[in-house]
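Read through the structures below before going on.
Both complexes shown next keep chain A, but they swap its partner, so chain B is in the first and chain C is in the second.
The block that comes next holds the complex of A and B.
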């Protein structure tokens, strides 16, 4: 835990100093909400459009966020320095995941606020359930993103490749959480059922799989 | 290909605590052999330079010895122990310097060194960092970010990072790359000082004359194979260049 704390602290310190990732990612997320909001019409609020637009913003912002945080390790081969340390590679995965989640939490807060305002999306009916479902979704998304950002960053095919791998894998999360939120906010039902089970199962499977596989995909 | 003109010394009889001992080491990536049947034994306190043309496998060999890349076949023993993926304690005895700094440019020199010192679990990390900053002559620039440093200053911090754990084996992968003349001289002095203090040094370099001057033993790689393994004073620039396939 001490090593995880050290690595996360380093990531957040670098981010706080450079503000390279968070600035770009927040702007991208808000832009997506605005552009899609203008295209779809802002009075579509409370339904499919708002949650789908929010997920679209999370996905694109997330991919950029994962690329940037792994890019810090690739620049000047700092990753080799980490790998020379007596640190298990799974510790590096957990630390990167926590750093990505911290940044995504900040981004999703801003993006969600923009979405709520733009789409007049009334969260007051179940704000806790909205936060819970989206948080569960983001954990699974960040697990995949952290794993594949390590894979993609060691290839020459950076850029779009991460999105191409992460977006299709994230579909179960997007579909399930959107269905769940629709049931809560449109139909007035409570959270639960198959959709929630899919999200939780997805999180567990991809957290464990990413944790195990990270050791094998991390190359200096 | 005829037998090499330069005397080839087979590896010494394997000894239990040699810093580096490779037996028929091979690495294949995408069906291409990067390293082929490398037999190598490096004793304590040796200063070995590994030379070769681009793509000969020099840096890859160093990565394998540093345990960063796993060999496809053969055996690698460090300090008498077989290398596995869980060789964290072996890595603690190795210091790696490369032409890339392995530092975070947004952090200061002091923050970088403190971060790695704590990650490496060094007792009295802050004292060790201050000592090394003084050794590399950057005590007064410790609070400046790495991105504000010249290439030579960055390389000195990179050497300090490699020395944090007081390693027995120092692997240097083209540490002079991109340095100006004064920085080359400073880095050379640091390596010589480390060698004199008993460290084992493996230097990957492309400057033949400099390697002949610094190292006591020269290994020439070509297409992933050891072509020459001889004492530096038995070689000259022209003969090494010929073996590298230059002229």
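The block that comes next holds the complex of A and C.
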């Protein structure tokens, strides 16, 4: 835990000093919400469109976030140094995952506020359930993103390939959480059932799978 | 020896072609026409065997990917790649027959019904697998990355299926099959399975030959000039 804390602290200190990733990712997320808001115009349908728009913004911002956090390690062969340190590779995975989640939490807060504002999405009916469902979704998304950012960072295509690999793998999360949020905010039903089970299963399966597979893919 | 190998391959593909002809004849002349959907329902005899064989191919990708991670033998990677290509091909058939069936039955080429959506997502997952392979230069790195993706993608399949089932469904829960329909369906599984197995073996053998050829060319390639022995200043 101490090693994870040290590595997360290092990542967040680098980000706090440079502010390269967070500024870029937040602005991209808000831009996506604005562009989709303008494109959908008056056909937004309130909360119906907002959940899908928010996920679109989370996905694109998230991919950029994962790419940048792993890119920091690639610059000046920092990853090679990290791999030579007496630290288990699973510790590196957990630290990268926590760093990505911290950045994604910040991004999603700003993007959600923009979505609520531009789409008149009324969260007051179940704010706790919204935060819980989206948080569960982001954990699974970050697990997949962290694994594949390590995979893709050593290939030619990099950013394009990361989006290409992470988006289709994350679609069960998108479908389940949007269907669940529609049930809560449009139909007035409570959370639970198969959709929530899929999200939790996704988190468990891909946290474990990414943790196990991370050491195979990490290469300086 | 080589001629006998060629004749075995020829016999295999001839049998496959005959099985296709037999299946097609049974669909056209033996299987009854479904009362509600009419003739368009006959696409089912191609659709379902292709779907089942798609899963078989992707299961082979999963098993071969695990095999590669454990054994680090290149032939596991060749097998996974061959199975993924055939799986994507068969999944394309499933998508095409699915959309054609949707047009005939519901009057629209596409609807976000769970099964069509699931086929599309499955196709996307494995097209990305093939794209990922083509973007990595180093053979060992390519095999490693593909193996990891092959495992993760297969773990994702049941989740994609369960999440797609949350969408509203137009499909009938089940189609009541007459005995003649069941026999025809069973016969139609034979050519599709033969095609699946044959294409995977052919792709696997081709990859093995290419690897062998690369190794042979590497052995006979001119060695770099030793400038020290020539008195150069390398």
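We adopt the following convention: the second predicted complex is superposed on the first by the 215 of 220 C-alpha atoms of A that agree within 3 Å, B and C clash if a C-alpha of one lies under 4 Å from a C-alpha of the other, contacts with A are read in each partner's own complex, and residues count from 1 in each chain.
Throughout what follows, a contact is a pair of C-beta atoms (placed from the backbone, for glycine too) under 8 Å apart; a residue touches a chain by one contact, two chains touch by 3 or more.
All figures in this text were calculated on a predicted structure; none of them were measured in a lab.
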item	value
First, second, both or neither for A:100, with chain B first and chain C second	neither
Which superposed partner A:202 touches (first chain B, second chain C, both, neither)	second
Partner chain(s) touched by A:83 [first = chain B, second = chain C, both, neither]	first
First (chain B), second (chain C), both or neither touched by A:169	second
Partner, of chain C and chain B, that touches more residues belonging to chain A	C
Partner chain in contact with A:153 - chain B first, chain C second, else both or neither	neither
Partner chain(s) touched by A:61 [first = chain B, second = chain C, both, neither]	neither
First, second, both or neither for A:161, with chain B first and chain C second	second
On chain A, positions contacted by chain B and by chain C	219
Contact set on chain A toward chain B in their complex	3, 6-7, 10, 13-14, 17-18, 72, 75-78, 80-88, 215, 219-220
Complex interface listing, chain A residues touching chain C	144, 147, 151, 154-157, 161, 164-165, 168-169, 171-173, 175-176, 179, 194-195, 197-198, 201-202, 205-206, 209-210, 213, 216-217, 219
Of chain B, residues touching chain A in the complex	63, 66, 68-69, 85, 88-89, 91-92, 94, 96, 98, 100-107, 111, 115-116, 118-121, 145, 161
Sites on chain C touched by chain A in the complex	69, 121, 124-125, 128, 131-132, 135-137, 141, 144-145, 147-149, 151-153, 155-156, 159-160, 162-167
